[in-house]
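Order as written gives the chain letters A, B, C and D; numbering starts at 1 within each chain.
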Amino acid sequence: VTSSDRPLVILQPAPQRPERIFTPSARADLESSFRVVDLSDDHDPGSFDEVLPEAFAIIGQPDLPAERLARATTLRAICNVEGNFFPNVDYAAAFARGVQVLGCGPAYAQAVAEYALGLALDVARGISREDRAFRSGTERYVLDGNADAILLRGARVGLIGYGNLGRALRPLLEAFAVDLRVYDPWLPDRALFEWGLVPATLDEVLRRSQFLFVLATVTADSEHLLGATELARLPDGARLILVSRAAVVDYDALRAELASGRILAGVDVWPVEPVPADDPYRRLEGLVFSGHRAGGIPQAFHQIGEMVVDDLRQIARGLPPVRMQVAARELVGRYRNRPVT
Amino acid sequence: VTSSDRPLVILQPAPQRPERIFTPSARADLESSFRVVDLSDDHDPGSFDEVLPEAFAIIGQPDLPAERLARATTLRAICNVEGNFFPNVDYAAAFARGVQVLGCGPAYAQAVAEYALGLALDVARGISREDRAFRSGTERYVLDGNADAILLRGARVGLIGYGNLGRALRPLLEAFAVDLRVYDPWLPDRALFEWGLVPATLDEVLRRSQFLFVLATVTADSEHLLGATELARLPDGARLILVSRAAVVDYDALRAELASGRILAGVDVWPVEPVPADDPYRRLEGLVFSGHRAGGIPQAFHQIGEMVVDDLRQIARGLPPVRMQVAARELVGRYRNRPVT
Amino acid sequence: VTSSDRPLVILQPAPQRPERIFTPSARADLESSFRVVDLSDDHDPGSFDEVLPEAFAIIGQPDLPAERLARATTLRAICNVEGNFFPNVDYAAAFARGVQVLGCGPAYAQAVAEYALGLALDVARGISREDRAFRSGTERYVLDGNADAILLRGARVGLIGYGNLGRALRPLLEAFAVDLRVYDPWLPDRALFEWGLVPATLDEVLRRSQFLFVLATVTADSEHLLGATELARLPDGARLILVSRAAVVDYDALRAELASGRILAGVDVWPVEPVPADDPYRRLEGLVFSGHRAGGIPQAFHQIGEMVVDDLRQIARGLPPVRMQVAARELVGRYRNRPVT
Amino acid sequence: VTSSDRPLVILQPAPQRPERIFTPSARADLESSFRVVDLSDDHDPGSFDEVLPEAFAIIGQPDLPAERLARATTLRAICNVEGNFFPNVDYAAAFARGVQVLGCGPAYAQAVAEYALGLALDVARGISREDRAFRSGTERYVLDGNADAILLRGARVGLIGYGNLGRALRPLLEAFAVDLRVYDPWLPDRALFEWGLVPATLDEVLRRSQFLFVLATVTADSEHLLGATELARLPDGARLILVSRAAVVDYDALRAELASGRILAGVDVWPVEPVPADDPYRRLEGLVFSGHRAGGIPQAFHQIGEMVVDDLRQIARGLPPVRMQVAARELVGRYRNRPVT
């Protein structure tokens, strides 16, 4: 194909870097199928607007108000490569024009699920606690450090939220034959039953879970979903794993529960990052700390690049995208996301 | 049933404590089916010898030379509740008399498998490393700490040894769709293929494994199976998980590999326990330390008690045991075990 | 809620019957959430057009040209309850108006997958052949009838097409640890790899499959995909299972292969139904015949009703549908469907 | 190795044929490790007795009373290659001498499990019934023949007996997410729970099962386990699958239930084989007949040969057998088996 035959793709992935998401091989695939205008380092709106009328697709999350979309007459797809949908796009206008709005959330899901399981096994068995002790010469051997150790196998486990993260975590948990309950107010009970899951109310998952995974995204409804009242419902010795959004939990209430030793937690997301130097969380024994590291690993980023190439090729062939997440018109405006910085 | 109808069981579980392995409910089950002579705190050989001629079964691992077994004319089962078979029993004499020799190894397997996976996810993602950093105020956020993070999903994984531990670990690993190879010189290749596994040589599992789980028991053949030469074959960035027996690995060679940063490891068993206070292992960044804690958790101990009751009842009914591990006459004398102290 | 608060739903499911898809309980659910105008037996277009301007959703597959859709100003969803998308809807107009176009295909998938596996096991082992023989007194015992019997376990299996049917069949086949390859020209290889599958060309799946499942839908490209040349590539003794669309296969070529005894087949769909009384297919020994019965069982129909209720409630709550299949704008016009009569 | 170094193995597999169980490759493996004395066609007891004192192992099921075993001073293993343990061996004497008694039952289990599932899917959906109808021109299309069709997915399923057959069938059933209950009086409830199964009484599995698989072996206790009273407890429309032993069921009672149309059945084993020419079973519509064909397929026989070679090599290396079934001293005398003829 000659250059002019290939559909034009605008690449402006900031805050992503193109080399982080496209391996050389994926970049070569992209270039072989599309005419790529790389604006990774060109933030002049004029450059973008100049090529927009010819664009088949945009890789990135630039501002796309209705008036700009109106000039994108050949646009077929917007590929978000950050992971969240922001309010800087007029989604209704995009849908009305038949533009596919695609997200890369699924690329992070396996990394987050593995990390969440790692945190759960750590707080179940005291792995990082005893490793710390070893470095100060106070480690315990054989039975001495195992009084509160529990199996994941057969445990009562709750999920709050069953989207990409829950779907990726589920098979990992099922290998442990856990007794699983799912709370997700966006899903009908019969859908969960059909998928082989058992739906539950928020109260039920709180009261019964030995392991509780908080996987919910943030909307107006889910902010501080877990406050002092809710956390108090967790059974003694419960393990809380928080890997989605900090806004879902009241951190003061959580700190009080952890300080008392009543529950244990693995926490990857924080209301303020970095956590302040003198934050009392830094001295909690029952916490496994993590610095917003659950999803952003090299393999996840590389998967984004491959997903983008695969789905743009699908669309160019007149086929539906199959790897990225098609934005739900009902939800895309409800998330309260801000870019990870 | 009257007291005299119930078969007599000698309970002398040292170094186990009876209350650790029998929950009140399991103890009640045991007492309801058997006349229990509890010698937990009576180490006078005379007491044991006095009831031995009437004994249907022994729960524990007392010395049982041939001459003692010769007096145990009604003995049907010996239930080891420590986890290893020691050389203080004349196993050939027991087998010749039709006495079942049963081990409780399977009771620990799930606990060890979950722990091994926890160590693997920790070294894959730097969980305890970053938790430590947080406590000294040097933690990293988002991408900064993830340069060497890898997924378990799809990874090349090797198992050294495929006994109880490997069987318990396998379904956990399969949930990650790993590319698994197994080295076990005690198993024919066709058996592994039949079980859906891919056999490999030691050299193959060393050279290809991103995650290598050492699950082998110790025999004369497996002592220092992994020395400097073998460890050098591991690919850069490999994660080694050691949860079976310290004697399988040369710890000086392993320390050198970890000190160089070429590989990472999670290690639960040590040549000397406690590890000496000034051991350089205590300062290794690429290590997740654990103090022989993988198997001995409360749920594992309680499972031993239930297994013992279930299988003694089976044998008393003229049925084969189904929960404990029947000692293989070919192997029971080959292990080089010593009690965990 | 008062009657006027509830969104209006038009029910005109022909050729489906409302009582076939809605159990009394599902119908009650529907009525509790929506104001249902039941036009099941009212085919006067005037009745439909009268309520259309107020309609929130349509359950059925009536003609919906652009001009009709233009009057449906409050329409949010069209729920096809037949199973195929027909060309009597102006899909582009529907998408431009933000109307969800939903299909019930997934409701049949499990029934078809189970049936396909049943046919495969039948032709693998001669189940219906020997049952027929029994009724004429010529049955064979023990080894005599088993010369050509093969296991599904570990067999080389191919799928042609990986949509709803393939997804439902896959876990059933995986329980047999089959060596699976998938040919689907609508899916990128990397997507199949990501889902844990191995993609293959049509030629590969033909040449290697001991069991070949034809699950493809019909488009201009797939008509007579399997002619004499392609069928000749199947290995001797191959088992062909055909449960999707008759148009995919050349039935004269297939009959020749079956008559020769070189391959065996289970066939559920036919170019002309009923099959003519004197059709030579009726005398083929290597065939298991079925009369388009794979999908249409009572439980599948009832699932349609539940899916419709669940998804209409989702949309009414401002949430995306999760149970029905969202029509792909790229594909909905490409199928060559005609109603099952 | 020279001929005299290789352990001597007596091959007298009747009623099996050596070429049926040993592929040329497996036979070559056997010969390379052992000095094989092939008595397949030499039934003179003198020939057998002449080599017995030197024998390391016997492949077959010859008479082995205590006095004969007493002369087999180097015997280490008896490999039954028929599938059942007969009362022609003094098992107690063999065990006392430390001779391994091995069975080939597991080799048939996968074949039987696949067949049982095939029968279940057939009676669930009327596969052979409609194929028969097609051949007489009375077949039904689409909905007409599906009134009684049911899914296996989610169905209430019972197993009677959980030995080799149940273990092989279980993963196949689990792929259908069935609601499974197991009745096996030889297994403690806690063992079933530990294996992830739900134990039940005979009455429970009868009263609740939409699909009931009879997988029990025959002992004095299980003869006519299912008589008229028990069969009457099955729910209307139940599907009974009988693939183990005819003696477990009262065939007159079963015929009455099938003739009434109240239940359906797939039956592979018969009190008299061949079934008499005028047996009314031959005219039952609700029956899928099979002539004792579930297990004896070529791949199962070839697996026997491989199992034998693998395990004899294990024993010769001082390792336990891993592929054949080690006879349970408690059970080996309780079966009421007679050779399949």
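Observations on the model:
Here, a residue touches a chain if its C-beta (ideal position, glycine included) is under 8 Å from a C-beta of that chain, and two chains touch if they have at least 3 such contacts.
All figures in this text were calculated on a predicted structure; none of them were measured in a lab.
The minimum number of touch steps linking subunit B to subunit C comes to 2. Separating the CA-averaged centres of subunit A and subunit C is a span of 34 Å. Annotation: 37 Å between the Cα-based centres of subunit A and subunit B.
For the pair subunit A and subunit D, the distance between mean C-alpha positions equals 50 Å. Counting partners per residue, subunit B has no residue that reaches two or more other chains. Viewed as a contact network, the protein chains form a single closed ring in which every chain touches exactly two others. Contacts from subunit B toward subunit D in the complex involve residues 92, 95-96, 98, 186-188, 190-191, 194, 306, 310, 313-315, 318-320, 322-323, 326, 328-331.
Across the complex, subunit B meets subunit A through its residues 110-111, 114-115, 117-119, 121-122, 124-128, 130-132, 134-135, 137, 139-143, 145-147, 149-153, 171-172, 174-176, 273-275, 277, 282-283, 287-293, 296-299, 340.
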